[in-house]
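Chain naming follows the written order as A, B, C and D, and within any one chain the residues start at number 1.
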Amino acid sequence: MTEPTGFLFPRSPEGRADIIAAPPWHYSGTWLTVEYRTNPDNVRALLPPQLGLDEDDPGRVAMVFADWQSCTDGGEELLDPVQSQYSEAFLAVKATYGGKIYTRIAYIWVDRDFSLGRGIHMGYPKKFGSIYQTRPFPYGPAPRIAPDNRFGASLASYDRRIAEARITLREQAETGPTVNVHPLLHSRLLRSIEKGQPDSLDELITHGPIRAEGSKPWLADAELRLFDSPVEELANVKVDEVLGGYYQQLGTVWDGGTLLSPRLSSEDHAS
Amino acid sequence: MTEPTGFLFPRSPEGRADIIAAPPWHYSGTWLTVEYRTNPDNVRALLPPQLGLDEDDPGRVAMVFADWQSCTDGGEELLDPVQSQYSEAFLAVKATYGGKIYTRIAYIWVDRDFSLGRGIHMGYPKKFGSIYQTRPFPYGPAPRIAPDNRFGASLASYDRRIAEARITLREQAETGPTVNVHPLLHSRLLRSIEKGQPDSLDELITHGPIRAEGSKPWLADAELRLFDSPVEELANVKVDEVLGGYYQQLGTVWDGGTLLSPRLSSEDHAS
Amino acid sequence: MTEPTGFLFPRSPEGRADIIAAPPWHYSGTWLTVEYRTNPDNVRALLPPQLGLDEDDPGRVAMVFADWQSCTDGGEELLDPVQSQYSEAFLAVKATYGGKIYTRIAYIWVDRDFSLGRGIHMGYPKKFGSIYQTRPFPYGPAPRIAPDNRFGASLASYDRRIAEARITLREQAETGPTVNVHPLLHSRLLRSIEKGQPDSLDELITHGPIRAEGSKPWLADAELRLFDSPVEELANVKVDEVLGGYYQQLGTVWDGGTLLSPRLSSEDHAS
Amino acid sequence: MTEPTGFLFPRSPEGRADIIAAPPWHYSGTWLTVEYRTNPDNVRALLPPQLGLDEDDPGRVAMVFADWQSCTDGGEELLDPVQSQYSEAFLAVKATYGGKIYTRIAYIWVDRDFSLGRGIHMGYPKKFGSIYQTRPFPYGPAPRIAPDNRFGASLASYDRRIAEARITLREQAETGPTVNVHPLLHSRLLRSIEKGQPDSLDELITHGPIRAEGSKPWLADAELRLFDSPVEELANVKVDEVLGGYYQQLGTVWDGGTLLSPRLSSEDHAS
């Protein structure tokens, strides 16, 4: 007897119906980043207790707007681009664990279900949002990737705008963003279906791209505004000082990660 | 030190940012159901091996279109209805396990992220779709809930229509649908973040509403058409014979379930 | 030689492709209304010069959230409800012309193209928005149409929330709203394709339903909040005092109107 | 007394609320074109009687998928890209009038209201659709603009896919598409609000960009599939032979046009 197949769900006889096919996953995309400093207490409040704050500028965080095309091996999804294109926006913070520094995505919004499905596997806490980002273009009024060119980005959740950014490119540099550059340290969490029972899943995982290519980052002047919403807490990670804007085009491949801690129960946290 | 709180994700300092708040979850909604008979092999192919086919009419399945308003205790989401309203469509089949009969949702599409988030917890294999259903209304051309009144419904996934139904109400009856009536038997599955390692989560769970109210079901004449798509397998559950249409308005409360089998590894399946 | 046919556009060989079929148009729907008083100067600023302010409470306006199902004769669109269902939100003001009092929709947002197409014909200045409204329901947590039951509504435009309302039903009454009750006085305007030339179209029209049925209106306690946006001016029609909330279910038929003034050129306006 | 201002609608005190600001309109975008031959009768059936068929290959038409960023002078919309980005798909045919050859857009779908608003002014018969197109990218799996690279595109209307195309770039050429290259010949049509009365507007207009820049076109191998829908007639313009695929990036400026025939009444058509 055969079994329905698939990577996440639904599992189906042919495996075509799955919300997301098995990795490796290939990505082409753009990161429009604004790094800023908030009170480190705001970062601390986003981290589970077993993680620590980075000692070096612990309040430095990054708001990133990303515009993606993704696919599996062979790239068939790129030719039916409704299966390939999506946008996302996320808040990246730094965290330490076992003496190492990691990047942790505290909040993230995407606009397509296949991306949310990948997030379930990768430990990204994805919700839906409406995300826009100016695209560079070689002709007409849209910006070139060149000095003094300007790009904007916005994020809305539940019909309310909650973030908007504007950057002005200055110059390409050898070094760029400093927050969303470490291996990711994410949680995969699921409550028990039974009330009062221990969580069914509480994993701490790490991963990152197995390959990446891209341009040297552009440095940019940047503005960032966060707006309150009854269903979001992003604005509580208040912008005290904008530290830099960055613009990067990149290609990456993702193909799994490492389980750091298989079952961090609440009891473990308290130690 | 406090910890970010929440039910699913993201966990946040105040717990407001969560894609879905903790149950109990309260629902008001409508089910437009078409039951039909397919080759039982099509049902068998949707079930994991440890589940069995119902001996009584094993090929009887139900395509259900649902129009919901949901909320937590207190009902605050109903007053900001972007937090409350959603539509879904699903294929329900029957399955047996441990000598009992269950309903299993093999495929399901929803149109809002909070519903997809609840599905992660409840073991519904939710993807996004565009779902429409005629709404009854007491004035003007929209149908009344009365004999000879007609309702339509449709489902699209990835910009392709994959199902449409039409029903004509006939009479209210003591008995109604027979497929989507048993306790749900769902799986919660998650691959390991590490390739080649055992799954991180492979649970068999059961649950159902803790309270339900509603009208007696309406029986209806029904038509159902399924359409193929490169990213769906619904049409493979071919409509051999339409067995009945049903229309029900209901209110339910959900508050958790029971873990039947905590870790059904692939090895267990083979026995 | 035959000609492409249709009511608005595109005209096509069979006339099926039209964004909107010819009237009569039939509607079933709900109006959630909040009437409020603003400075009459805010109303005056919304009216073309040839229209006057109502002398009786000239600053009384209505913000209305509507949830519709519409169709042509025969009702076929109701059975493919993606062709039938839409929501809208609008600001209604009073205006006088030729000694009579009219209702004028100053701003209106809808969420489907067929509704926007009808607006082009009917002189509604429709833009797209995201509109939600609590729906009454006989079971579960959603409200009944009964005293003390609460309904909410919201409007977003260009990813920014710009209006939200909440009402609590009190009692059914013989009289209800007083703003959105007069014949409509709308403009149909189109600039010349040639710069600097007189407008191609500048009509003042009036119309209203040819038939209407519905319940007696419910009176309600009401709250209304308007929010600013760089691409909207609704919030400039400031809420000085909420005057009443109303809830009505209705069915109407629309089948054309009357041309009051075929060509109001800018010169005519100045007299 | 001041008057509400604006270019199309709504007219408002500050003119900010307008669905579309006054031209000039600046565009950056991409055209993915598939030219094909259909029976010339299918083209004839799309043209009003006063227009003629091009004698040179009268059945040659073009299905075009376009991905745009647009703005007014100053480019402010580009920095709030929800005001700037949209996609469209259209069927272009050739038509003659007064001894000259023109391009006429017979069907067109867009995904944002500001684009539909511009279409009302420019005589494009725009409806809403869901349009996707592969985007070129310098890194990762997305295609480069280079030989053998592949791009796909799709169009859905009312939750049904109605067109999809795939092209493989071959070489850059001096000459490219031949259909969507002439001045546009469009109609601006509006029925009277009064039933049985002459149309309020029936203009034949022509226009084109006042400036354009772009790359030499890429020639491509192409596939195109059209699908039927109860609310569309695109598939009736049957693909008998694919004649060529093309890929172009361009920048244009539009700033008005010329009125060819101010009032083509139905009576005029019959002559």
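Brief remarks follow.
Criterion: contacts are C-beta pairs under 8 Å (C-beta built on N, C-alpha and C of every residue); 3 or more make two chains touch, one makes a residue touch a chain.
What you see is a predicted model; the values in this text were computed from it and never measured.
Any chain bridging chain B and chain D, meaning touching each of them, is among A, C; the list is complete.
To fit its Cα atoms onto chain B, chain A must turn through 180 degrees, a value rounded to the nearest 5. For the pair chain C and chain D, the fraction of shared interface numbers is greater than half, so the two copies use mostly the same residues to meet. Mean C-alpha positions place chain C and chain D at a centre distance of 30 Å. Taking the mean of the C-alpha atoms as each chain's centre, chain B and chain C sit 36 Å apart. Look at where the CA atoms of chain A average out and do the same for chain C: the two points lie 41 Å apart. The multi-chain contact residues of chain C, meaning those touching 2 or more other chains, are 80, 82, 130, 132, 154, 159. Touching chain A in their complex are the following residues of chain C: 130, 132, 154, 156, 159-161.
Per the touch definition, chain B reaches chain A in the complex via residues 1-4, 7-14, 16-17, 19, 23, 44-49, 80, 82-83, 106-108, 112-113, 116-117, 120-123, 125-128, 158-159, 187-195, 197, 200-201, 203, 205, 207, 230-234, 236, 255-259, 269. Contacts from chain D toward chain A in the complex involve residues 26-29, 69-71, 75, 78-82, 84-85, 130, 132-135, 137-143, 150-154, 164, 166, 213-215, 249-252.
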